[in-house]
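One chain, chain A, links the two complexes that follow: it is found with chain B in the first and with chain C in the second.
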Partner chain A sequence: MRTSSQPFTRTLRFLYPLVVVVALWQLVVSLGVVDSSVMPAPAQIAARTAALLYVQPVLLLYLGVSLYRVAAGFALGSVVGVALGVLMGAGTTPRAALKPVLDFLIAVPTICWVPLLLVTIGMGDATIIIAVFLGCVFPVAYTSMNGVRSVPGDVVLAARAMGAGRAAILRYVLVPGALPSIITGLRLAVGYSWRALVGAEMLAAAASGIGYMIYAARAFYDVNAMFVGLAVISIAGLTMDYVVLGAAERRTVQRWGMVSGT
Partner chain B sequence: MSPRAWRVVRWALPIVVLLTAWELFSRLGVADSILLSSPSQSLRAIAAIAATQTSGGHSVLLLHVLSSVGALAAALLLASFAGVLVGALMGFNNSVYRFVDPLLTVLMPVPGIAWAPIFMLWLGFGTPTIVAAGALAAFFPLAYNTATGVRSIDPKLLLVARSMGASRLRVLLSVCLPGAAPAILTGLSLGFARGWRTVIAVEMIAARLWGLGYMIMEAREYLRPSLIYGGIILVAIVYLLLERLVVRRLEKTTVERWGMVSPLET
Partner chain C sequence: MMRCDEQSTGIEVRGVRKEFSVDGRLVVALDGLDLAVRPNEFTVVVGPSGCGKTTLLYLVAGFDSPTSGRVLAYSSDVTGPGRDRGVVFQDLALFPWRTVLGNIAFGLEMQGLARERAREAARQYVDLVGLQGFENAYPNTLSGGMKQRVALARTLACEPDVLLMDEPFGALDVQTRHLMQEELVHIWEAKRKTVIFVTHSVSEAVYLGDTVYVLTARPGRVKGIVDVNLPRPRDARDDRVLDKRGEVMALLESEVRKTFAFGDVERDSQDS
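What follows is the complex of A and B.
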C-alpha cells in the first residue's frame, strides 16, 4: 500500500502515466498523424525549453518576475484577508457591515478587475500585483471568518470566565481555533493567486513574466513556447502547493496542537 | 417587518451605503471623477448599451449576456459529458484511477486562460476557443467529483441489485447514477464557477464581437471606466443569478427526487 516510507515508489507511480502519455504524444507527432507546427512533439518543446534557458535565456528571468509578483500579491492579500476575516468573524457589527459586500465581490472574476486597473494604473507590475491581491484577499477573508465563527462559543465563554480580556481571547482562543481554516484558505489562495497572475500577465504585462511569454508567443506563432509556458505554470503551481504550504501546514497546525494524535 | 424582509434590508444596507459613498466621492471630486466614475454613471453606461440595437433589432447588452451564458452552457455540457465519463471510469476501475489521477493533477493547476493562445491557433478567434477553454476548466472538478461519488457507493447495494436480477445498465442507471449524483452536482457547481471565470477571461482576448468579457475589454480600449464598472457589476449579478436560479435549483430537484438528501425519511 501507499505509505510515506516509500516516497520513491510513489514518485514512480506518479510519473509513470506522464511518461506513457508523453511517449505516445511523441509517437503520434513523429508518425505525422498530427501536424507538428500546430501540435508540437515533446522533443520540440524540450528543445525550445533548452533554447529559452541557454540560447536566449529568458525563461528563468520570466519565472523569477512571475514569482516575485505572485509572492507580493499573495503576501498583501493574505495579511489583509486574514485581518479582515478575523475582524468579521469576531465582531458582529463588522460582519453585518462587510459580509454583503464580500458576498458580492467574491462573485466577481478576478480577471474583470484587470481592464479597470489598466485604465486607472496602466500596464506593469502594480496592476498585476493588485490583481493577484484581489484574487486572494476575498477568499482568504471568507475562510478566516468562517474559521473564527467555527470556534465553539463555550470555549470563548470559558476563557472569559477565567478572566481573559478581548485581546487575550482573540490571541489565545479565536485565532488558534481558526488556524486550520485559515491555513486551508491560504493554501487555496496560492492557487487563486497563481491563476490571477497568469491572467493578469497576459493582459497587463509590459515585457516579462510567464503569462506574458505565452501571450506574446502568439504573435510569432511560437506554439513551442506556449507549451513551455503551460508546463512551467503547471510545475510551479504544483511545487508551490505541495512544498511551500504543505510545510507551513505541518509546522504551524501541528505545533499549535490542532492535528489529532500526531 | 417580517424576518425575511428584515434579512433583505440588513443585507442590502451595507451595499447601499457603499454605493452612496462612491457616488458622493465622485460628485465631490475627491478623486478623478472620470477614473472613479460613479454608480449613476455606470448605470447610465449599461442602460445606453442595453438601449443600443443591432441591425437585427436586438439589444446589444442582451446579446453580450446571452453570448457569455450560451458559451458557458455549451462548455458545461461538453465538460459534463467528458467529466462524468472519465470520472465514472476512474471510480469503477482502480487502475484507471491510478493512471489518470497524475495526469489530472498536472493539468489542473493550469488556468483556462493560459490555454487560450493555443486554442486560438487550433480553433481560431471566437466562440469555439471560448467554449473549449471553459469546458477544459470545468472538466477537472466534474471528473474528480464523479470519481469520488462513484467510489462512495456501497458495493453491497450493487451486489443486491445484481442478485435481484437487474441488468448492468439498470444498475448503472438506478443505483450508480443516483448514488453518485450529489457528488456529480458538487462537481457541476464547482465547474460552473470555474467555467464562468474562464469564459469571461477568454472573451477578453479571443472574442470576435460578443460577450461580457469582450464588452469590458472594449470599454477599456475606448477608455470608458463607467462601462467597465457596470460590466464588472453585471458579470457578478449574472453569476449570482445563475447560481441561485439554476445550479442550486438543479441540485435541489435532482438530489431530493432521488432521495439522496435524507434517506431516513423514506
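What follows is the complex of A and C.
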C-alpha cells in the first residue's frame, strides 16, 4: 500500500544527490580549483537570480513568455501528434501513406527548421511556437502510432463481438489501450519542446524569453545569467514532466497496471 | 436473432475449409469440417495444438470468414460479429482501463444504453458471478479466477444466445479451474445458452459437455464425436465419466502423437 509519506521520501531521495553535487561544486570554486568567471559558484548564481528577480526584474517576465511559447507549441504538437499517430496506428492506408514521411521528418533536428521559418515567417512568437510544435509533433505521432498497434488483437475483437463499431473501438479501446505509449511520448516531448524553444529563442526571439536571455548574456560576459537560465529551464521542464504528466501517468496507466511504477 | 424450435440447429458448420497465408506459405487450418450444435446444447471441442480450434471459434464468432463452406447461426449465414454470439477469449481480453463494472457494462453501452443505466443493468451480472464488492476494482488487482468471472459476466451481459469460449480456464490453477467449471455449469443451466467450448483438457471436456467433438491434427476436421449424455453434476470418479474420457482419449491420442512428431508440445495434456 502507498503511504502518505512516500511522495516526501521520494522527493528527498531525488534532491539528495543534487544537494551533494551543488555543495561539492561550491567547494571546488571556493577553493579556487576552477575559475569562477568560467564556472560560477552556486552562491554567485543564486545572487544573480535574486538580481534578475528584483533589481532588473526580467526573469519572471522571460519565464512567462517562454512558458507561453512552450505550452502553445507543446499543446499544438501533442494534439496533432496524438491524432496523427492514432490515425496511423488504426488505419493501414494512413500508415502506408504517412509512415515514410514521418520516418524522414523525425530524423531532422528541429533547429534546422528555424532558418526556414525565419525566412518565411520572420522573428517572433509564431516562429518559436512552430519550432516547438515541430519538435514534439513527430515523436508524439510515432509513439502514439506504436501504442495503438500494441493493443492486443483479442481486446479489439472482444469489443467488436460486443457490438462496438469503428468509432467506438477507436475511442473506447485503441486510445485508452495506447495511453501508456501516448504518455511516454508526451513526456519525451516535454524535453524536446524545451530544446526546440531555447534554440528557436536564440535565433528568433526579438527581446524576450529564457533562451534569449542566455544568448544575450554572452554580449556582457554574463556567465552567471547563463547558468540562471539553464537552471530555470531545467526546473521548468522537470516540473512540467513530473507534476503534470507524471501525475497523469500515476492516475491512469499505472493505476490500471498497464505500466509499472517508477 | 430469432429463436427457432428445438428441432432446428443453433450453430451449424458445413464443409468449412480455412486457409491462411503465413510468410507466403499456404496453411490449411481447417478442411472439410462439419459441426452441428442444437440450441442450448453444451458442445466441447478438443484437439491437438494448432488443429484450428480457435480458428473454428473465430469463424463462428464472425471475426473471419471461411475460405469455403458455410457457417450458420440459427439458420442465418454468419457474416460478421453479432450480439447473438458472445465470446470469452483465451487471454480474457479484459479492458484494463475499465473497472469490473465498466468492463461488464461495455456491451450494454455499445447497445446504446446511457453509461449510468448500463452500469445499473450490469450489476445483476456482477451478482451472477459473485463479484459483489469488487465493482470498482481494476482488473490488474484481481486474481486469475476473478478476472475469469469478469470476462464471463461481460460476455453474458450482452445476453447472447450463443457462448463461444476459447480455452477460458487454461491459465487457472487446478482448484480454481474446477470451481469455475462448476460455476459455468450452474450459469449455463440457469441461462440456457448454446455453448461451444474449446479446450485441451479431456477431463474438462467430459465434465462440461453434452457432446464432445474431437478434431484431427492440422488441417482440422472432425475425427469423432462423443455423446456424453450423463446427468450433472458429474463426478470425476464415476465409471461412466471415466468411460467417456477413455473414448475421447482414444480418439485424441493418435492425433496428439501426429502433432508431437511435428515438434509441437501439448501444453496441458498431463491435465487430461
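By our rule, the second predicted complex is superposed on the first by the 233 of 262 C-alpha atoms of A that agree within 3 Å, B and C clash if a C-alpha of one lies under 4 Å from a C-alpha of the other, contacts with A are read in each partner's own complex, and residues count from 1 in each chain.
To be clear about the criterion, a residue touches a chain if its C-beta (ideal position, glycine included) is under 8 Å from a C-beta of that chain, and two chains touch if they have at least 3 such contacts.
Nothing here was measured: the structure is a model prediction, and the numbers come from that model.
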{"item": "Which of chain B and chain C A:I45 touches, first, second, both or neither", "value": "neither"}
{"item": "Which of chain B and chain C A:C112 touches, first, second, both or neither", "value": "first"}
{"item": "Superposed model, chain A: greater residue contact from chain B or chain C", "value": "B"}
{"item": "First, second, both or neither for A:L238, with chain B first and chain C second", "value": "first"}
{"item": "Touching partner for A:L84 - first (chain B), second (chain C), both, neither", "value": "neither"}
{"item": "Which of chain B and chain C A:V148 touches, first, second, both or neither", "value": "neither"}
{"item": "Which of chain B and chain C A:R218 touches, first, second, both or neither", "value": "first"}
{"item": "Shared contact residues on chain A - chain B and chain C", "value": "none"}
{"item": "Chain B contact footprint on chain A (complex, rising order)", "value": "13-18, 20-21, 38-39, 96-101, 104-105, 107-116, 118-120, 191, 194-195, 198-199, 202-203, 211, 214-215, 217-218, 221, 223, 226-227, 229-230, 233-234, 237-238, 241"}
{"item": "Interfacial residue positions of chain C with respect to chain A in the complex", "value": "58, 61, 63, 81, 83, 85-87, 89-91, 93-97, 106-107, 110-111, 138-141, 154-155, 158"}
{"item": "Residues of chain A defined as touching chain C within the complex", "value": "152, 154-155, 157-164, 168, 172-173, 176-177, 179, 252-253, 255-258"}
{"item": "Complex interface listing, chain B residues touching chain A", "value": "10-15, 17-18, 35, 98-100, 102-103, 105-107, 109-111, 113-118, 120-122, 196-197, 200-201, 204-205, 213, 216-217, 219-220, 223, 225, 228-229, 231-232, 235-236, 239-240, 243"}
